[in-house]
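Here you go, one structure.
Note that the chains take the letters A, B, C and D in the order they are written out, and that residue 1 is the start of every chain.
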């Protein structure tokens, strides 16, 4: 495998959890229901995918279980926000904490394992061979034997973009994201749309989570996301919650991971620092984005719109 | 199933009947046992003061609120309008007083939002674009289906709202203050369109405050006062004077004649202010003005003609691209609000909720927020008792009614909130008061209180700049009236109280499109 | 006359990504009643979980609740954990009150701890002086670590939630690098600095427990915070700027200055917490010296209703639950993870507007 | 069957007796509390220790209570250790992990009458017995094997003869560097021109990250990659299987996880040494204040071959070098 193919191969495999999750996050963001609990959704999904996939003996059932679990977790978040009246961001932070606690409890209390849950005999997601296509220079070797979830993610990305841009639901998501009044006036129910968008974000984060636990290695522990959910969320923000933007941002962050992996091979002796590259890339991207935005609105009408307080003072 | 049609006085039976509608918000009765009948082909004007209940009544019709009591009949059949979607299905369309559009979506998407033509789950954009194009052509509404709404002028946005109603194939069309934001030319064109609707057999309900307009297009009028119906007549059966009497009630206007003040030193001098928006549009284009001690200067203009931005520049919230602002002798251009305040300026902002107060702090905290720099609230450390005393005093002086000083600001009514703002600003004994839309949303008594306070400030030697879109109010108390249009001062009335008609003409003639 | 200005200003671009333009966001929980109710409900949830997983629920639950008071050591542990939580919760409080989310307290704390461990041995002279210098440096390190996200937020409106969060990961890598490269205890196989000589430990209370005089410092800082929040003009202005920036701007309050001050203080408090944890509890920088004190601080701040007094109470309460969980873990088969569940549930309940809310 | 040069065979978790803290243990029986510095389930280091503890419970009639803690929660380690000591009910407290050493040093000083056994660390006080492992020596052996693999593509069909081998560490911490030093020395003792690609996952948890990293290393030419990455190491072994190359296990015998691509595992006989430590304690022969060093000579560390992949002559070559380490002809460098 040439250097470029190798780079692309790693980029693709790092891309899956970020992109699948970010495409979901995009819906939530667009509906003005920022899902900062993507990381937690990924975590519970990873566990569900592994446990169910192993029990059933079919990894695809595991993926579906992961999507269901991710959606359920987003449902918990929705319930907290629209049922209990919690602030979206705070509830998201809480949902992430809960995901860690709940998954640890399940691993220990239900699956009878501790720390890492690594069942034996799990069937992993297949890695299709491309046949003669693998001989295409550069791209062929990069795509050869990638997890089938890579292809699923490509499909999901296309589908999500189409749903957002070309369907009634997508239109309603965008409408709700900009003006509840406008939506209400035509009978579109904002809360309903937001909950739906959150559930979608959870389900797609479920694909990202499942990828981490049953695609390459059948193992789970509460640290396995390594903050990928937050990076995916950052990709949504950086991509301004548009399909192309989100895809581009996800590619950027995946590339940062891939670069970090490659830089480790060149003996720089700064390996811990290289490891931080994706996180640094995220901060830089967010900063660049903010600078661009602030340029654009420098002379604009001052924004006095106030996000209502979460809770009054007691 | 149609039964025997009651023979109506004017021929056809009413297409729309609202009977005994009542709607309360807490203890406030917004609509009280109101009847309304509109026939096909009729343009029915609904008149009344601010807060009379017009919008609420129409919101009941459109399913945006549920009436507490009363029936709605369409073509003689009782209907239950549970949601806007249901209303549209029943053939009821509404153009809202406050636009309900999604700025980043295209015209066509906005028009069909909520009932999009579709193939399966996919949008049928070709169809929606075609329908929008056809409707626009048919009614002479100049909009393109794929323009983004946020790039449209206010008038064009209104056309989108109208298209939205028409696209649903409605038989009842409600227009809530459609002309408030239109230029005279746009208004004229709009009325042609409305006449076209009536000719097509629609029942049109038109809410407006402009008697002249109403007389021009309407066939029938209904007048609401404080939620009750006080008149229901063919338009030619009542004179404008009678209508005005019906709208305001028999009581004469609350304000008595305000004498002129005696101007002294210049307290505010604005020289050649220019402001440019983010998109490079000049919103204020070289404004000069002065305000003297003992003088109220009124600036009038239709919304969106640069008044808001001018006030922001004067009060330091915005840095002008060119020009100077002097408060007394001090040049405060671009130095921020604290400089202007230090120079003796007080500001009653237009955006009372967002700028003028912190809804999640107590009334006490809000009313004393402008006094944090003074020793009234304590020495090196703040003194809770002193703060409490100061707040209580101000609340009494300005008649702020709250359950307690610790009540959250956002739980106050609009009038009391505005009084709190006034209390905070006026109690600093400023040399210059800049106030924008100080009576917007207030009832008659509260508005009168605010005007009295402004005149009192002037009489005690203060300078007042009153920026407002309420002609009546400005004409009644201002010593000088400036009219602003397209970012410029286009007319000035000195040493006399102009008539509302004069001023209105000036506002409209220079108006932006 | 017509009064309405209904149209959205067509010149204003609509914010597409909702809270990207970081607006004010106030996180003040409702009344005291709700905090209490939330804790009780949270415990009920825990009890439910315990019933599900424990072999002997009664023992598990009783050791969870009373474990802290069974031994002097456990009690001292509670004080020690509570001490650090006071710092991190005050850090969260300061930023929340100013209308910003500093989620990066964990990273600030870690770097504060490392700096304290390094500086304390480098300062010549008596232990107390070295400790003071070390703690000041820890606070500075914490403030420095939040400075960039703070500046980005203030200058360009960058979403500080994400930047501070990412800075946690970066801090972990940076700390690992620094310790390995420069400060590692060469005799140890772990990533840790050499153990501090006893005279550099913060004076211990309730020996052998890790409780230490840091608790006095924590209480003093909390008192100081109360004074600033409630009794100074700075505090009031900070509050206004945090609750409603537009109002602050209108009043001539430079809200960005207060925001910057708040965020820097927030970082400094977190860094200080790290210093106290290292000098008072682990007595060396040990990779993993913080069991997520930074994140826990956010929970504690919310339970404490963003008031210094409440924060102190909530910190000790939470520490009690943590030591209780330790004792439960030894006395039964219920895992420590229960605490994470409790934490999540508490945050949701405390910030709910529908529970125990008085209007 | 795996012909382990150490006695570490049969260390897979499945053989662990599930019995443990049976309340029926007579009062005079030995009570062991084992507060650990991490969590079980890594199919490696911690599980191996747990295996020894559980075997002791089953065979020696002692009661064992294992207390896990977060791998990044130093205060909890101290808390658990102190609580266990303070009960005074435990004849011997077993703990382990390099990271635990400084904590134990502090705690043990406070309970001079309590006896401790710490694995993977030298003794840290007069009332503690240490068990430390010459992991550099174990790594040396797998380094030798790795070199033989990459230089013998004929014998090892999955190898390319690139003379490049890799090591994936969890984090860049001293113990891992100790592995790396031994590994490199072992490889170079076969062929000095062999290069070692050393990379770190960044944590000991993210198996997917380790998988990607390893894949990249194969892409860059490594024929065989040795994992020292705890739970994340499962990703390395899987990558070896998926990429048609070789991967080497660590700490426990991990050969059977991917028998077609895992020619050997370095063994740290944690379970065995813990077991014999407990046995010695019961017999009264465990000397406090001393350190038992597990090295190649006493089978504390070693290498477990996968006979199906490694022919006898290769095994013999490794054995030969192993012998040289034992008799002192070769001294394996250390990073500690």
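One rule holds in what follows: a residue touches a chain if its C-beta (ideal position, glycine included) is under 8 Å from a C-beta of that chain, and two chains touch if they have at least 3 such contacts.
Nothing here was measured: the structure is a model prediction, and the numbers come from that model.
Here the chain pair with the top count of touching C-beta pairs is A-C.
In whole angstrom, the spacing between the mean C-alpha positions of chain A and chain C is 27. Between the CA-based centres of chain A and chain B the separation comes to 44 Å, rounded to the whole angstrom.
In terms of their C-alpha centroids, the spacing between chain C and chain D amounts to 37 Å.
With centres defined as mean CA coordinates, chain C is found 46 Å away from chain B. In chain C, the residues touching two or more other chains are 9, 11-14, 16, 26, 28, 173, 176-177, 180, 243-244, 246, 249, 335.
Residues of chain B found to touch two or more other chains are 96, 98, 101, 103-104, 277-278, 317, 351, 354-355, 359-361. Each of the following residues of chain D touches two or more other chains: 68, 71, 171-172, 202. Which chains touch which is summed up as A-B, A-C, A-D, B-C, C-D. Across the complex, chain B meets chain C through its residues 50, 96-99, 101, 103-104, 150-154, 157-158, 177, 180-181, 209-210, 277-279, 281, 283, 303-304, 315-317, 336-342, 347, 349, 351, 354-361, 365, 369-370, 372-373, 377, 381-382, 437, 440-441, 469-472, 500.
For chain C in complex with chain A, the residues that touch the partner chain are 9, 11-14, 16-21, 23-32, 34, 49, 52-53, 101, 103, 148-149, 152, 155-159, 161-163, 165-167, 169-170, 173-174, 176-177, 180, 243-244, 246, 249, 295, 298-299, 302, 305, 335, 337-345, 347-349, 351-355, 358. Partner chain C is touched in their complex by these residues of chain D: 33, 65, 67-76, 78-80, 82-84, 86, 98-99, 101-103, 105-106, 110, 120-121, 171-175, 178, 202, 336. Residue ranges on chain C touching chain B, taken from their complex, read 1-14, 16, 26, 28, 227, 230-233, 236-237, 239-240, 243-244, 246-247, 249-254.
Put simply, chain A touches chain D in their complex at residues 1, 5-6, 9-10, 13-14, 17, 107, 113-118, 120, 124, 127, 145, 211-213, 215-219, 221-224, 226, 257, 261-262, 264-265, 267, 271-272, 275.
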